[in-house]
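Next come two complexes, and both contain subunit A; in the first it sits with subunit B, in the second with subunit C.
Then we have the complex of A and B:
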């Protein structure tokens, strides 16, 4: 326990001191990492804790971003309306997806979530007058109180930290434990009198809400939105972050997000063949660290401590 | 004795701080290009063209070395913006250049405007609004490629001149498509022609048969904008189904008759007209030297992207020279682009007050030459600015934007409706 508290205190000091120590580019990059860490953690709630694999998670991320951009840029509404509206849309879409997709399991669930997300992508791509089509919607402004990089960084840091606390509390709550029970054996939980479908539905909506929050932060970070925000490639990317980091560990996907964003940033500046390098790293990770980076850490370091 | 030792040690440490010595560092140019994904060939062409010019001046201008820092935007706008931030904040580049995807250019636009970083669009990014007065206009932008509407306007001028009065159009269903075909509709309507049918096959259509057979009979020609492999698939079926024998084809931007496709297409491409601001077959000393050098490096014929990259590098070097290498003085440096004039592989080049290139437009026709199939220039329009053949005021007076005209381009009254 003391070790965990120490770790949290240390992390807090590092993150708070960061913008005063490193150059502005790395503050921006860390902001991006925090946003994707939240996005990956929200997907881990579904995959790792509820046992529902989704290939359409970017839809929630993207619809929240699009809602905010369209309301602010096209309809000139204030961020106090746009931001909550973005989250609401993500939650509503999460509910719709859950209603349609929760009939299926395994690879069929993957296919359905993929198909539903492609529908949302198609709307963003095709509804040119509202969404700007494939050119996207530029010209979004950040709220005045977070207009500079440092204050925006602290906003993101605060929200991501608060979300992490909520997610941890959720996973440790009776509800969270029930979700993990469902992941292990649906039929047993059913026999114990749990309403499996309702639990899964709520988990799906919560995951969508946090993905929506990540999307909302990302659209303010970039100040534009394009169909690429909710493309299947983005869904796959966040899935890889979860897998590389370690499924079902919450902290793992956050580390996976950081690792992938940093690797991509560093390698793609060095060589044109960065995709090849990244691919080799992915393969190596799955071969040598099947339980993700955090699994690797636990196996190597924690095991040694327990004699 | 000791004091002088100390002075000798400290002095070099202090020198870089003074501004006159900071000027001696290299001129850093950040190139943002797609080097992986669908548009990688366009990105590589732009890069090769850029390198050919800078190498020809020894990578040096105004007494300073030129340093290129190249970043892959992967065809994704948010990646492009991250790369722009890295280049400006971390690598401290003074100039951003490249940009093939319009979405990436739009994503970086606000950032560059805010940071007051000159942004030289030397890649394909053709959004009309970036260099026209309006909300997207960025005074820090200079474009050495083309905008979406001018090759389309040239196609309209050529078609009308050759007696085409009623045409059918075939356009890939995406933003760039509407911007292009809208430019054609406006120019063609104004001359007195009519579009009698518009079709918009989705970008990844595999079977163009239904679209081809659906072309209204009795038209004077078919006008297309089908980028990437779409053009290739379309024209094969257009030929096989016997339509090519009946109707002449005008390929705006030369997407079907893109040089690397020509050997594959063979006779199917013969006689197709296309409009573009470049043709590898242009017979000028500048272009012949450029093509030879390009063939040596890339082992293939350059596309317009190569020539655009070359022109971008040339314009940057000229402007840097005009301010004696002091590119950090952004306002003076940008002002130096405006009076710049030079002969390029594309023809003679100058700039308008918004930073958009004024250049020639070429109408080409596929013919069988001694070197195989090639786009031979059959008509040339000189000094084409971004509003050509209209004036800025006239273009601004129309009510509808091109993208809003999708589905009603057959109605010339609406196309030409004033505000």
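Then we have the complex of A and C:
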């Protein structure tokens, strides 16, 4: 316990001190990492803690981003309306997805979530008058009180930290424990009198809400939204963040997000072939680190402690 | 008359989707693998076919060689990568996604980013009159080829020993293995045949939809919808689903050009909510 507190304190000091130490480019990069860490953690609530695989998680991220961009840029509404509206749309979409997809399991569920998410992508891509189609919607301004890089960083840091606390509390609550029970065995939880479907539904909606929050932060970070926000590549990217870090932990996906974004930053500055590199990372991770970086660390750590 | 033409367009596109969905559906039915590389097989088939036609001028040669190349690729993927993660859907999905990216980037590298349209074979480059309109014979030939492939697959599955093994494997791979069926060989074979069919679709579709970056995602998605609508593991489902999605896609693009994908996905969502296993699914 003391070690965990020490770790948290250390992390807090590092993250608060960061913008005063490193150049602003890296403050921006860290902001992006924090946003995607939240996105990846929200997906892990589904995959790691509820046992529901999803390949459509970008839909919640993207719909919230699009809602904010359309309301702010096209309809000139204030961020106090746009931001909550984005989250609401993500939650509503999460409910719709859950209603349609939750009868399926395993790879069938992956396929259905992928197809549903692609519907949302199709709307963003096709409805040019509202969304700008392929060109996206530029011209979003950050709210006045976080217009510079450092204050926006602290807003993101605060919201991501608060979300992490909520997620940890959720996972440790009776509800969270029930979710993990469902992950291990649906039929046993059913037999114990738990309403499995309702638990999964709520988990899906909560995961969508946090993905929506990540999308909302990212659209303000980017000041631009395009169909890429919703694309299946983004869903797959967040899935690999979860897996490269370690499924079924919250720290793992955050580390995975950092790893992927740093790699992307390094590789795409060197070569055009980011997609090829990403593909190789996917294959290599699956083959050599199926339990993720956290898993690798644990295996090493446990191996050393054995007599 | 225009409706006849739109309907024929929809049916011929539906036949292409059937070629894709048949393999996807068989692979899922037997191995429970969600193969995201399936759209890449289609595109690789189209690109390799275009190169063969450019070098030799023979469409027939492209139609034979390109699918075989892709079948080999599929067999290698199954045997050396996917097999290690039998029945673990998350690693398998990620592997196929990784290959999707790798193939996409390599294809961009080799064939560039400009759309390539394959030339039609000489015998089917003309058109016939339907009423007062002209209709390309190539699309009619495509419908015929689709029906022939469907017939062959049906005969193979229902009337041959290997087909019986396949059906046994789809029902219960473990028991089939215990009965002495070489399930391991069956897995590789079905994966290769699935890849072959997708590549065949790529070469056949080359003259009408062409090959370009991103087509791998598009056709993969449509094939998924076909399989979701038709039901996984069912050839009949792949055929009916393919025709349905082909027609919906075609008429959707005419009536609601801004929301084209909607006309496919709304019916999909409706079918999902009433028949979660698809029209002919047995799962």
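Convention: the second predicted complex is superposed on the first by the 284 of 307 C-alpha atoms of A that agree within 3 Å, B and C clash if a C-alpha of one lies under 4 Å from a C-alpha of the other, contacts with A are read in each partner's own complex, and residues count from 1 in each chain.
The rule we apply is simple: a contact is a pair of C-beta atoms (placed from the backbone, for glycine too) under 8 Å apart; a residue touches a chain by one contact, two chains touch by 3 or more.
This structure is a prediction, so every number in the text was calculated from the model and none was measured.
Visitor: According to the stated criteria, A:127 is in contact with first (subunit B), second (subunit C), both, or neither; which is it?
Guide: Second partner only.
Visitor: By the touch definition at the top of the document, which applies to A:290: first (subunit B), second (subunit C), both, or neither?
Guide: In the superposition, A:290 touches subunit C alone.
Visitor: Going by the contact rule set out at the top, does A:106 touch subunit B (first), subunit C (second), both, or neither?
Guide: After superposition on chain A, A:106 lies in contact with subunit C alone.
Visitor: Given the superposition on chain A, which partner contacts more residues in subunit A: subunit B or subunit C?
Guide: The larger set of subunit A residues in touch belongs to C.
Visitor: Quick check for you: in the superposed arrangement, does A:275 touch first (subunit B), second (subunit C), both or neither?
Guide: both
Visitor: If you stack the two complexes on chain A, which partner ends up touching A:29: first (subunit B), second (subunit C), both, or neither?
Guide: In the superposed model, A:29 contacts subunit B only, not subunit C.
Visitor: Is A:187 touching anything from subunit B or subunit C once the two structures are fitted on A? First, second, both or neither.
Guide: The answer is neither, since A:187 touches no partner chain.
Visitor: With both complexes superposed on chain A, which partner does A:222 reach: first (subunit B), second (subunit C), both or neither?
Guide: first
Visitor: On subunit A, which stretch or stretches are contacted by subunit B in one complex as well as by subunit C in the other?
Guide: On subunit A, the residues that contact subunit B in one structure and subunit C in the other are 125-126, 128-129, 275.
Visitor: Note which residues of subunit A are touching subunit C in the complex, please.
Guide: 47, 53, 55, 99-101, 103-104, 106-108, 110-112, 114-116, 118-119, 122-123, 125-129, 232, 236, 239-240, 243, 247, 273, 275-276, 278-283, 285-287, 290
Visitor: Any idea which subunit B residues touch subunit A in the complex?
Guide: Residues in contact with subunit A: 35-36, 71-72, 74, 76-78, 81-82, 85-86, 89-90, 102-103, 106-107, 109-111, 127, 135-136, 173-176, 178, 403-404, 406.
Visitor: Can you list the residues on subunit C that touch subunit A in the complex?
Guide: 28, 32-34, 81, 84-85, 89-95, 97-106, 108-109, 217, 221, 224-225, 227-228, 232, 257-262, 265, 268-269, 272-273, 276, 283
Visitor: Using the touch definition from the top, list the residues of subunit A that touch subunit B in their complex.
Guide: 23-26, 28-29, 32, 125-126, 128-129, 132-136, 138-139, 218, 222-224, 226, 228-229, 265, 268-269, 272, 274-275
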